[in-house]
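Each chain carries a letter (A, B, C and D) given by its place in the written order, and its residues are counted from 1.
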Amino acid sequence: MREIEYREAIREAVIEEMNMDPKVFLIGEDIGKYGGAFRAYKGLLDMYGEDRVINTPISEGAIIGAGMGAAITGYRPVSELMFIDFSTLAMDQIVNQAAKIRYMTGDNLRCPLVIRTQGGAGRGVAAQHSQSLEAWFYHVPGLKVVMPATPYDVKGLLKTAIRDDNVVMFIEHKMIYLLKGPVPEEEYTIPFGVADIKRQGTDVTIFAYSNMVYKSLEAAAELENYGISAEVFDPRTLVPLDEDALIASVKKTGRLVVVTEACERGSVASDVAAKVSLKAFDWLDSPVKIVAGLNTPIPYNSTLEQASIPHKADIVNAVKEVMGI
Amino acid sequence: MAELTREQKVEFLKTIITIRRFEEKTIQLYQVAKIWGYLHPYVGEEAIAAGTCAAIKKSDYIISTHRGHGHSIAKGADLNRMMAELLGKSTGYCKGRGGSMHIADTELGMLGANGIVGGGIPISVGAGFSCKMEAQGRVTVCFFSDGAANNGVFHEALNMASVFTLPVIYVCENNMYAISMSACESISCKDIANRASSYDMPGVIVDGSDPEAVYGVVSSAVARARSGKGPSLIEAKTYRFGGHHPNDPAEYRDKKEVEYYKSEKDPVINYKKKLIDEKILNEEEIKMMEEKIKKAVEDSVRFAEESPEPQLERFLEEVKSI
Amino acid sequence: MREIEYREAIREAVIEEMNMDPKVFLIGEDIGKYGGAFRAYKGLLDMYGEDRVINTPISEGAIIGAGMGAAITGYRPVSELMFIDFSTLAMDQIVNQAAKIRYMTGDNLRCPLVIRTQGGAGRGVAAQHSQSLEAWFYHVPGLKVVMPATPYDVKGLLKTAIRDDNVVMFIEHKMIYLLKGPVPEEEYTIPFGVADIKRQGTDVTIFAYSNMVYKSLEAAAELENYGISAEVFDPRTLVPLDEDALIASVKKTGRLVVVTEACERGSVASDVAAKVSLKAFDWLDSPVKIVAGLNTPIPYNSTLEQASIPHKADIVNAVKEVMGI
Amino acid sequence: MAELTREQKVEFLKTIITIRRFEEKTIQLYQVAKIWGYLHPYVGEEAIAAGTCAAIKKSDYIISTHRGHGHSIAKGADLNRMMAELLGKSTGYCKGRGGSMHIADTELGMLGANGIVGGGIPISVGAGFSCKMEAQGRVTVCFFSDGAANNGVFHEALNMASVFTLPVIYVCENNMYAISMSACESISCKDIANRASSYDMPGVIVDGSDPEAVYGVVSSAVARARSGKGPSLIEAKTYRFGGHHPNDPAEYRDKKEVEYYKSEKDPVINYKKKLIDEKILNEEEIKMMEEKIKKAVEDSVRFAEESPEPQLERFLEEVKSI
């Protein structure tokens, strides 16, 4: 199969959906001539014009408001927040407005809005440009949360997101835009709530999403050297979460390590760990371990930055621990 | 602008009185705890909704606030479904999920009351894009009050509406207070309409107690918007006759000020008088109108009271899908 | 001991601290003549004047910015957000600015800022005025999170918060402002990170904070009828969290029920459950149960609203479950 | 206003050249990855920082942006500690924790660069309250660029600064772009200074390439602020000579436009020429100045390179207390 970059997969998804549905449009900062901060929208302004590729002022609240207002009146906007860190300027529109409108109006109004953004550390861009904030959105009823790791997943899930009738937080990772992976030429979509086992294993389940899938796969490869067969479980969507598949995996392996790049305290990892600890209590041979970012604003200095987020070695060690070696 | 027809004037009065009576009833029901949560009556401000909504079509959109009953009624909402919502019933606009601060209806083009002060203003940008993109001449009216004009989203939204020439009419109902905060002490310019110059759009001041005046300025702004010339900001000077909510004695206000507005600027009193003076309606006709309205309001209460509560099981079932 | 209302205890704390330290001031909406939405600041404008009781426009971002700017230049402001739901309009200032400034400047600037706010359901004020959002702040390094349940706790902790050199999210609950409880006349403070066992017990630990402390105490009383001795553990501060005391309690009882009013998914309860499941794995006789709010925007209708948050019966049932009865 | 002294003028030039050379060096270091993350050079805009900071005292506060090196330097920052920060070293202003976008220093009254566009503007309100409450005549200068003027917090902050008569000077460095977004297409008024009228404060436009002109208008605004008359908004027209960051080819800009500003509005070229014309300095003296600056910049690089990395253990220890 051909291999394309993660950002190219995003671009393809958007193009296919825009071609199919005239109600789909894009709105955000520097998405015009500039093609988006990570160039995922390269050339789209020329293809679709200013009416469907709307380059905005720096007004995050209004960017989401624009998306929501269009969504409740029949359009299917993709609003972009350049960094998830800037969602802080749009939380009312995301959380109090978009996420709630359907439920607080008894399904009178629907809001088919995709909010594309990206997070994560690793580029030396310090505390205000490196956060992993998915836990906030995970906690808000009315938001779906999608965090694709591969070009294949990002394309199939973005298409599904655009077609979904609800608000979808679509969270990419800044370190993987240039990463290549197989993506079929033919059209496909990926349903929400269906996990993908990125690597089969029998001794331990490693739950990981977004960029941490790669670190987990590296860890799993190294763990082979110790005779440990690790399963890498990628939920792909955090809301809805494929709990059944996860419990099944844990029942098979008897052990779970949950990985997240986000700060450990109050992370999605804790939530997953708590769920599994409850629901698979009798199948767990050892307590669920969490591998997460430190509870610190991400520092600029590279050594400190790297020390703030999980790496292969941390995952390997955690697995060894739950394996009792 | 064309002269107003008799029918239009009668309709103004009907809308104004309907809102007044509806609000009075909600206050009563609040006092006996049939309505609860927060209730923000629109008493004193009725002419703005009446004049504004008369200047737009059924297919146009409105965006409302926490003090939103008047907007819905003027846009043509069904009193029964409104009252049912206030009583938390399954027949309400939001099936009892929203209550006073969240009434909304797709059919009605009513894009939502809002519990967040200023929360609706950015949504106007999207509704505006929608109107512009579909190019059917539809417009969006966005209501808010003085307090909301200090929320940052006001700035973001009006700037964006201007930059993209969106067909949005911003109607600021300056009732001089945001809870206890006086507009004079919280807004760094004499008139909120002044702020229009920051956004390169017309800024107009109008007497919010006069439905015809409101209708006039809104009509011009609507014409402008429909012809692709973009947004306008209208500041309707008005007054909240009661406290912020029924339990607020509003001690922060000067009694004389309150008296002045109640005696000089009551849209119900003034507009009744005007229509009588103009011989458009006589006392008798107005009385009939009042009675019809009274009945409609009472019917809405009966409807609401007789309506079933939302089903708990169904709610619990639905929650699973969120 | 005399008994005073929760809101009166807040008022006393503020008065004592303002009298002691001229750098302390208050800023927020309707805190002047109006005395605050819940009247906790009644009369303070008259006592301290407009320079120290600053009544602001509706500008949540600037209210927090005002607090932060004053804090990093030597003052000790108490910024108020009338409802925690409105923190959505100030998240950049809270999270990217105030919480981070100390750490991202290598301790060059300090920000002794208290953000007072309140959350919770139960008053029929629907989806945008009833949220429990502490999980967001719990997840942000640089914020302390305080959630006092009683008049005694709120007074002692607010005094500590005002004296703390960091940003403190001080989260009250709208249903308990009028509740009375014993508060000594003499001055006292309560240190952060020290839990209070609100009721001693031996069979099961119930972890609960804010308004849920009361529901848990009711549940504990009822559980006596079943011969179950429940310990009600109130952490009082979520960050820092008194983990040692919690683990000690669980080691004693062998069972844990974690209660929160917030939506279950991604809640603080999950985090606490995950921590205990890991650290007290060998002491747990049954899996940790969570009793939490439903994953829904809070509905207006009273029956539905009440169904969305935990009650005594839910806690009782959860305890019975972990007790295996 | 008093005539400028020779010393003041020489100081302007020195500041301008120092910023320019410092920035050129950071770009070099960025290209060889000694500096990483985001770097936003201030090249072309130096006269604004130079003129502004000369008009305030050491004890006054400044609030900066993501493009903040010039502000720090003009406020008197130590080049060594700045460069060390950019290299992520423990001797940097933030011990390597912050990098380019987060330089701040209590001593210097530099309340922080900011990675969030507009993020510093609300902070000015608090710094302003602080200045007002202590009543020592201190003022706060808040820098931001055109893009930030569309962030809602701009509106909230300027309104509040005005309502409370805070001693804050808002200096908008309108360099005509926010990354690729042209100010003309994103701002709904011709000049950002216009927006001052929404906040009942003076709004002044000044040529940002001329340090004396900037000094003049800022001095007036500072005098106004110190005398208790409240905030001002100054719009300094300027141009970002390079791309948004060193790797941005800035293809969205017209070549002619870039050429025009580089040839006509370069503060280094123009002000050198002016001081020579005015016979305040001769070529030789300027050369000596340049050399001193060059050495200072090179020293800062050496200092930074020789400085120790932050200690990992210590960091890990500290994190436990967060």
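The rule is short, and it goes like this: a contact is a pair of C-beta atoms (placed from the backbone, for glycine too) under 8 Å apart; a residue touches a chain by one contact, two chains touch by 3 or more.
Since we're looking at a predicted model, the values are computed, not measured.
**Student:** Suppose you hop from subunit B to any chain it touches, then on again the same way; how many hops at least until you reach subunit C?
**Tutor:** The fewest steps needed to get from subunit B to subunit C is 1.
**Student:** Among the chains, which has its CA centre at the largest distance from subunit D's?
**Tutor:** So the farthest one, by centre of C-alpha atoms, is B.
**Student:** Roughly how far is subunit A from subunit D, centre to centre by C-alpha average, rounded to an integer in Å?
**Tutor:** 36
**Student:** Any idea how many Å lie between the Cα centroids of subunit B and subunit D?
**Tutor:** Their C-alpha centroids are separated by 45 Å.
**Student:** How many Å are there between the centre of subunit A and the centre of subunit B, using C-alpha atoms for each centre?
**Tutor:** 40
**Student:** Residues of subunit A that contact two or more other chains, please.
**Tutor:** Within subunit A, the residues that touch at least two other chains are 56-57, 59, 61-62, 85-86, 88-89, 92, 96, 103-104, 126-128, 141-142, 294-297, 299-300.
**Student:** Could you list the positions in subunit D whose residues touch two or more of the other chains?
**Tutor:** 94, 96-98, 102, 114-116, 119, 150-153, 156, 159, 163, 185-187, 319, 322
**Student:** Thinking of each chain as a vertex joined to the chains it touches, would you call that graph a line, ring, star, complete, or other?
**Tutor:** Topology of the interface graph: complete, with all chain pairs in contact.
**Student:** Which stretch or stretches of subunit A touch subunit B in the complex?
**Tutor:** 25, 27, 51, 54, 56-57, 59, 61-62, 64-75, 77, 92-93, 96-97, 101, 103-109, 141-142
**Student:** Considering only the defined contacts, which subunit B positions touch subunit C in the complex?
**Tutor:** The touching residues are 36-38, 88-89, 94, 96-102, 114-119, 147-148, 150-153, 178-181, 185-187, 251-252, 309-310, 312, 315-316, 319, 322.
**Student:** Residue numbers of subunit B touching subunit A in their complex, please.
**Tutor:** Going through subunit B, the ones touching subunit A are 61, 63, 92-98, 102, 104-106, 111-112, 114-116, 119, 121-131, 133-134, 140, 152-153, 156-157, 159-160, 163-164, 319, 322.
**Student:** Can you tell me which positions in subunit A touch subunit D when the two form their complex?
**Tutor:** Checking each residue of subunit A against subunit D gives 29-30, 32-34, 37, 55-62, 85-86, 88-89, 123-129, 294-297, 299-304, 307-308.
**Student:** For the complex, give me every residue of subunit A touching subunit C.
**Tutor:** So the residues of subunit A in touch with subunit C come to 85-89, 91-92, 94-96, 99-100, 103-104, 126-128, 133, 135-136, 138-142, 239, 262-263, 265-271, 273-275, 277-279, 281, 286-290, 294-297, 299-300.
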